[in-house]
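Chain nomenclature is as follows: A, B and C, assigned in order of appearance, with residue numbering initiated at 1 for each chain independently.
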Amino acid sequence: MSVLAVAGGQLLADSVISFDLGALARNFWALTIDGLTYGAIYALVAVGYTLVYGVLRLINFAHSEIFMLGMFGQYATLMLLGFGPSGNAYSEGTMMTIVYLGIAMLGGMAVAGGAAVGLERVAYRPLRKRGAPSLVFLITAIGASFVIQEFVHFVLPKLTGGTLGGVNAQQPIRLVQASDVISFANTSISNIEIVIVVSALTLAFAADVFINRTKFGRGIRAVAQDPVTATLMGVSRERIIMLTFLIGGILAGAAALLYTLRVPSGILYSGGFILGIKAFCAAVLGGIGNLRGALLGGLLLGVMELYGQALFGTEWRDVVAFVLLILVLMFRPTGILGESLGRARA
Amino acid sequence: MRRSTPRLAGMAILVTAGLVLAGCSSKSAGGETTASGSATAAGALAITPLVQVDASGKEVKSSGSSAAATPAGKGGAKCSGVSIAMAGALTGANAALGINILNGLTLAVDEHNAANPDCKVEVKQFDTEGDPQKATQVAPQIVSDTSVIGLLGPAFSGETKATGPIFNQADLLSLTASATNPGLTKNGWSNFFRGLGNDNSQGGAIASYLKDTLGYKKVCVVADDSDYGIGLAEVVTQTLGSVADSACAAKVKTGDKDFSATVQIIKDAAPDAVYYGGYYAEAAPLLSQLRSGGVTAAFASGDGSNDPEFVKQAGDAAKDAYLTCPCGPAPDAFATAYKAKFNIAPGVYSVEAYDLGTIILAGIDSGITTRSDLVKFVAGYDGVGLAKSYKWDKTGELASASTWVYQVK
Amino acid sequence: MSTETTSTVAHLGIGDRFRLWWDALARPTQWAVGVPFIVLIALLPIIKPPVLTTVGTDFAGVLAQFGMYALLAIGLNVVVGQAGLLDLGYVGFYAIGAYTVGLLTSPDSPWNQTDSWLSQKWAWLFALPIAIAITAISGLILGSPTLRLRGDYLAIVTLGFGEIVRLLADNLTTITGGGRGLSRIAYPIVGVSESRPTGYFSAGNNQAPITSGVAWFWLSIVLIIVVLLVVGNLQRSRVGRAWVAIREDEDAAEIMGVPTFKFKLWAFLIGASIGGLSGALYAGQVQFVIPTTFNIINSTLFLVAVVLGGQGNKLGVILGAFVIVYLPNFFLGRTELFGIPINGNEIANYKYLFFGLALIVLLIFRPQGLFPARQKLLAYGREVYVAARRAALALTRPTSDETTGGSR
């Protein structure tokens, strides 16, 4: 264990920032696996940012709230299924747990997907019709973000009699008890981590296939590349835009369920904000507008921030993420894979 | 289009299947979906008072609330156009604490007004959102309201730091029911009184309790990044001395919900106990993640976590957790009256607000009409309230500050 | 172009009419009209006009905060509105300005200078230029590697920068005090008297008419005017023209020989120093800084002020800042409005909900903001405007294209 102090001025020498290589080396694989788990979730949310950006050149700032609504969606679904908050995890058997999780995920997807499409209709479409400058979209997105957060904060508890929303986080419903499935060296992989990474990668792969292989996907790529020509070629731009928001929302909803598996107490009106920013970072890191870039960026960000956290201390996690972003963009100004939803081979 | 139709159909089937399953399971949910292991519902757990200790962790006997002063007083007091201001976060993320205090004060004033028809005192609420700049805008408003004779607040330490000079120059009584930063009484503000023990007494008490009474040999002290959490953790670490393990002194951020790294650090250190300085919003997930991460060490935290919501959020993991508070447990009669009025159970600092409100009202009833007289009245006050006895030293700290240790059972 | 459009009856908004009238005035007349107007605004917190004044909070304090936000909006407007660089982390500069003053003058800070050679009386004034300089340097440090980035990449990098600044303030506890903040920061000690033992600017000064809030409001008005003069002159200079060129089409500007990087850096630097100035004001007024004040939400609020007011329009963004600061305070503690009973606290509680809704609705109907910027002639402007006004008046309704056209 080597503690090195980075000095900058005589007062900084008092080990203001020290780093601990030992901690990183000791837990390297555990950190990697946990980082991939987070990264997979970032990646799914990042796809939503990247698709919308690719098609509309718009940072959908409210996407983090779509994710947050997805968390509430899956939570409400679980409550409808008869689950209530409990101290311990439910034991429903592997088969049924998977079924319940699947249904909850669909619930989250439905709410998030619906909200994303609704957001597009209410907040963005009227602006598009009026040809507003791009910065205005961003501000509207911020406005929408406020509205959705405050809706869950104040209005939702009134509508649901205090069951959902409000100042406090939802009492967690735990369907899965974390247990180690695979162990090697001093590292173990839990069932939850496997579920998250596998489902996230499957969904990301499905999204990739959808964009690259289906007619709709071709439409999305066409609009991303050249909206005018695409419209002339018979692609309905409005429908494509709606579809883009829908896919982004659905994936955010799926990510929401996976995230609550990992962090059961994170269901809160303000719970999507930081994750959304991280996911946006991931999208930019990989090259915004680029689907595979979002995946790569997400995984990279997830892993690197956990390494950084082990190295410098838990409080430096977000700093590591943002510094990484700045460093990567300094050397690759359009992200690692470059921005190319449209330019990808059809 | 052709290709995606079957998928949509497949999706529809899946959804239908899901709904059918949902129907089945919700029927059986009541009996069958009990939690694994020791299947106790979280609702059965509650924060129960364990012992009252002084700053060195020694047990002190409760002074008892039988002789407590009541806001009603003797009745028949005369006054007019007098109001008590309450300043704190009433909206925003930190509103819960402010509302607890406001409710406690309102209860006291209402009881007073019912018993003293010739002295109707008004409560004026001022929302600072817990934000220092906002507080500097609110404070002049309080000071320039001539009907305000005394202030209950500010609620947080940060806003108290920012507004202290304003109230001090106006010689307006500033009686706080919740700001526990030890430095606040070192500014020479003659008008500032703290109605509860500061972080030093609370932190010292729990640290001594963990070390001496419970006999733990290794404690990990975790703190959040708030003024409150840092201050408390600092005192606990100091008092614990060599028992506090610096290798596992982790820091977390307010708003964090995932503490896997912190859990890993604590797991590696294998301590006897974990102390957390911070609020329930982080304490609850931290504790439940510690437990699911296999850490069985005892868990202790301060008044920021001493909230029914802590037990709700942490569930079974909260069992046996030690929670301290310079605030006393709400007596049954108070709790009943509070619940009847506001339709919620009294929260942290409600009792203090009620007691402090009672003291201000006693001053008003004794015929005090000026702000500076009220400050003098409080400085010389010596009496028993529902939670504890109130008597202040020259700096505005309670002469004898005791801490309650609660345990989740 | 102009002759064609005069035939169609162009509708002139109030803003346009005002602008046309104002631009046609001679410089001395502009001063003669402007100065009394500014004096009137400065007297607002003393007059406390019935409906306009705030109930739950100190009107002067609110206006002092407005002054700081107005400076922020002007500074951010240089970056976003004039040079077209999207900056989501502007709060970082505000924080650096405030923390510089805090670190130099707070007794909690290890770098406190007030107990040695720097007298308490002059400490704030001494720290002010240092704060501006340090923020400018930080703008340079952030800008030089990242200004190569375009549009949205720059946006996320600046957002990251803003967060890094806040997290540094939060994490470097031995220097900044972390979440405990820095208290007892120095403020200008002016006008010490019997009734004001700590001077006009002390938070403790609550002696009407010139309370602490009024003093800070007046100081910020003076600084706003100075900053507006500097920024206005820059805007009319080669630098301003370069900014417009970069904003409209960076590639074209580069090809036409505008050193775009250099001018973008200039914009960043000037924007940053104005942010630092505002931060220094904040530190002096509140005399206490903590990291939570400088979160991303506030950063987006500044941007909202700029876009709401009308990006590129210096006076518009000041009004945007006014809306941001004033509206939530307006409802706080209010129990009736024009005789209609309202629950102001409830409304204030929902402020972000209404705020968001208002933002969406407003921008759908006025995407250019409340007071959109218009392209202006930078040289020989007044002569042209006088002529244009004459023409406009002659045609009663129609107008010429120089003034209303060019809206992007």
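Observations on the structure shown:
We take it that a contact is a pair of C-beta atoms (placed from the backbone, for glycine too) under 8 Å apart; a residue touches a chain by one contact, two chains touch by 3 or more.
None of these values were measured; they are calculated from a predicted model.
The touch graph of the protein chains shown is complete.
Distances between chain centres, each the mean of the C-alpha atoms, put B farthest from chain C.
The geometric centre of chain A is 33 Å away from that of chain C, both derived from CA atoms. Mean C-alpha positions place chain B and chain C at a centre distance of 38 Å.
For chain C, the set of residues touching two or more other chains reads 170-171, 349. The set of chain B residues touching two or more other chains comprises 225, 251, 253. Within chain A, the positions touching two or more other chains are listed as 315, 318. Residues of chain B that touch chain A in their complex: 1, 3-4, 14-15, 18, 21-22, 25-30, 33-42, 45, 93, 95-96, 225, 250-253, 255, 257-258, 260-262, 264-265, 281, 284-285, 288, 292, 309, 312-313, 315-318. On the side of chain C, the complex with chain B involves touching residues 56-58, 60-62, 64-65, 170-171, 173, 178-181, 183-184, 197-198, 202-206, 208, 211-213, 282, 285-288, 290-291, 293, 329, 332-333, 345, 348-349. Residue ranges on chain A touching chain B, taken from their complex, read 27, 30, 34, 80-83, 85-92, 96, 99-100, 102-103, 106, 167-169, 171-172, 177-178, 214-216, 262-266, 268, 270-271, 274, 306, 309-310, 313-315, 317-318.
Across the complex, chain A is touched by residues 80, 86, 110-111, 145-146, 148-150, 152-153, 155-157, 159-161, 163-164, 167-168, 170-172, 174-175, 296, 300, 303-304, 307-308, 311, 349-350, 352-353, 355-360, 363-364, 367-368, 408 of chain C. By the touch criterion given at the top, residues 90-91, 125-127, 131-134, 136-141, 143-144, 158, 161-163, 165-166, 168-170, 181, 183, 224-227, 229-231, 251, 253-254 of chain B touch chain C in their complex.
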